[in-house]
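Next come two complexes built around chain A: one with chain B, the other with chain C.
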Partner chain A sequence: MTTYYLEYLKLKKKLRSWLGPIIVFILIMVAYPLTVEFLEKDLEKGFYSLLWISILLSMMFSTEDIFLEDFNDGTLEQIIISSSSFPFMIAKKIFIYWIMIGLPISALSFLFSLGITKDLNLSLFVIFLAMISSYIFLNLFVFGSALSLNKGSVLGALITMPIALPVLIVLGKSIIALQFGINYLELLLLLLGCLSIIISTVPFIVSYVIKAHLE
Partner chain B sequence: MNTKSLIEAENIAYKINENKLFHNLSFSVNKGEALHISGPNGSGKSTLIRIILGITKQTKGTLTHNESNNISYLGHKNALKNYLTVSDNLILLGLNSHEKLNNFLEELALKKYLDVTVANLSFGQQKKLALLRIFLNKSNVIVLDEPFVGLDTYTQNIVESFLINEINLGKALIYTSHINCNIDSKILNLK
Partner chain C sequence: MWGLFFTPEDFVQGNSYRIIYLHVPASFLSQSLYAAMAIASVIYLVWRVKLAAYLIISIAPIGAIVTFIALFSGSVWGIPTWGTWWQWDARITSTLILFIMYLGLISLHASFSNYEKADKLLSWLVIVGFVNIPIIKKSVDWWSTLHQSASITLTDKPSIDPSMLYPLIGSIIGFFGLIICLVILSSYVQILKRESTKSWLKDYV
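Now for the complex of A and B:
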């Protein structure tokens, strides 16, 4: 519990790191209706594609410097020589980032979805999808961020982006399935399966990558 | 391995791109002993420290740690968060509720800076804050890379006295330093 609190304390003080991605998300979502015709039925057409892409981009921005500061100030070295498990420390860090950034974005997704579609059932489904997808994207970009730890965050994002594309496809299909009354449960389970694999593997891979950087 | 040895190295070598930094280094550090790693700039002192800590892997040889080893380390990087206050950093280091914290804060003249962000402290004050990690941690091996850099004579004496006392209590100390100090140590010279 202490580690969670300490990570929360660090992130809370870095306003740019957690509030920045949320503001980017809000700006994209607010800008969307301004760039298309002011007809509600038109707004619905591209809304969900834009929503998933906005979540993807926000998660990418949020992981920009997730390890850089700890790498530069020597905190990562201290964690490695301490007796605590490095992969678990990474998993906890990702979780706190999700709580501070992914969760508010998921809640906002619900509000924007409700505002655009006026469909409560669909919007409740969207919040669930947003929670899963934001955690998946966060883990993937954390991996990218670790890969390009001292080489600039853009490189890591570029490497990771193709891995995130199948998730975007499944997200799009899930919404279509729900809108047309097709069985969407299989797609939801597929996303949950991806999430469980990613949660259990990414911290270990990332810890290995960071150790290689420090060496 | 010697039963008293906390760390034992046999014929360890490290090379970067075929250039040997050092080779065939053998040493051991026992309880209540200090090892001073000396040598000119670029001789591999910090690299050897990182090998001892297990961060960097040696190219050749073996390095054995006693199973019960608990290491506290301070290197060139202070592991402090510049945007947080001194007291927030103490929370991050897990030292905020330590019974001896107040004594050390007073001794190192840091008490009045508790609400100051670390970025606004001088280099020496930041070093003193980072040294609290060494002063207040329960470890049996202390590893320090240039611990006296940036410290005034008064603070250097405090650090020296603390380290001598810890060695007398049975802890092991491994350090590098270009500044002369009065710690009775074995010397490992990297040429």
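Now for the complex of A and C:
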């Protein structure tokens, strides 16, 4: 529990890291109606694609310097040589990031979705999708950020972006399925399956990657 | 050559279908090369075989070129047959993603001065990025797209006439040979580059 709290305090201190992505998300969503005609039907058409892309982008920004501080002050080395499990610590770190950034963004997606589509059922479904997808994206970008640990995170984000795209495709398909009343549960389960695989593998892969950096 | 000049004209598409003899082998190889890289990555990470690491980075530029050929020939073919040179459908977009992946791999490797570290990170990225390959392969079946589904499969009878099929198989084999030669040459250069300080190389040269 103390590690969770410590990670929370560390992230809370870095206001730019957790508030920045949320503000980016809000800005994109607010700017959207300004760029198209003010017709509700037109707004609805592209709304969900924009929502997923803005979640993707804000998750990309949030992982920008996830390991950088620990890398610079030697915390990562200390954790590796200490007896505590390194992958587990990474999983905790990702979880705290998700609580601080992913959850508020999911809640905001619900509000924006309700505001634009006025469809409560769809918007409730969007919360689940946003929660799952933000966790998946977060994990993937953490991997990217670990790859280019001290090389600037843009490179890492760019090379992991292609891996995140299949998730975007499934997200798009599940919204279409719900709108047309097709069975959307299997798509939701597919996403959950992806999430469970990612949660169980990414911390290990990231820990290997960071160890390779520190060797 | 056989495919380009001596095969009969297609009833619907005329002569433009001849691009198939470049497009199909290139697309096929763009995915096979990635698969080869993934296998090499596993070999490198598990058994620490240095040659596997050299192979990964020597395949990457060739893979990028082959994927570019597949995309380019596809879009040239698209003009007479589909009436458009680009369509954002599943197969084309996922191949474009593969192309970007190749470029990302090359740039990641280039950003490190320490080769050993770069090799390890690259191998991890190749393995994780392998997710994209089944998606490209299955994209024509999963989505309703403009791109036709596979004409040649291992299990079913091919849906393409023998007079066009055999030259196609020939061109695939020919292309494979060419690319394998290129990979061997490229890894030869890579070995010379990496081992330039070792004594065995000085004796050899």
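What we mean here is this: the second predicted complex is superposed on the first by the 215 of 215 C-alpha atoms of A that agree within 3 Å, B and C clash if a C-alpha of one lies under 4 Å from a C-alpha of the other, contacts with A are read in each partner's own complex, and residues count from 1 in each chain.
Quick note on the criterion: a residue touches a chain if its C-beta (ideal position, glycine included) is under 8 Å from a C-beta of that chain, and two chains touch if they have at least 3 such contacts.
Remember, predicted model here, so these are calculated numbers, not experimental data.
Colleague: Thinking of the overlay built on chain A, is A:Glu215 touched by chain B (first), by chain C (second), by both, or by neither?
Modeller: Touch partners of A:Glu215: chain B and chain C.
Colleague: A:Leu9 in the overlay: touching chain B, chain C, both, or neither? Say first, second, both or neither.
Modeller: A:Leu9: touches chain B, not chain C.
Colleague: Quick check on the superposed pair: does A:Thr75 touch chain B, chain C, both, or neither? Answer first, second, both or neither.
Modeller: Touch status of A:Thr75: first partner only.
Colleague: Which partner chains sit in contact with A:Leu190 here, chain B, chain C, both or neither? Use first/second/both/neither.
Modeller: In the superposition, A:Leu190 touches no partner, neither chain B nor chain C.
Colleague: Determine, under the contact definition given at the top, whether A:Ile28 touches first (chain B), second (chain C), both, or neither.
Modeller: In the superposition, A:Ile28 contacts neither chain B nor chain C.
Colleague: So, A:Leu158: does it touch chain B (first), chain C (second), both, or neither?
Modeller: Second partner only, chain C.
Colleague: Where on chain A do chain B and chain C both make contact?
Modeller: 215
Colleague: For chain A, which residues count as touching chain C in their complex?
Modeller: 143, 147-148, 151, 155, 158-163, 165-166, 169, 205, 208-209, 212-213, 215
Colleague: Please output the residues of chain B touching chain A within their complex, sorted ascending.
Modeller: 53-57, 70-71, 73, 75-84, 88, 91-92, 94, 133
Colleague: Show me the residue ranges of chain C that touch chain A in the complex, using the header's touch definition.
Modeller: Touch list, chain C to chain A: 90, 97-98, 100-101, 104-105, 107-108, 111-112, 117, 120-121, 124-125, 128-129, 131-132, 135.
Colleague: Residues of chain A touching chain B in their complex?
Modeller: For chain A paired with chain B, touching residues are 2, 6, 9-10, 13-14, 69, 72-75, 77-78, 80-81, 83, 211, 214-215.
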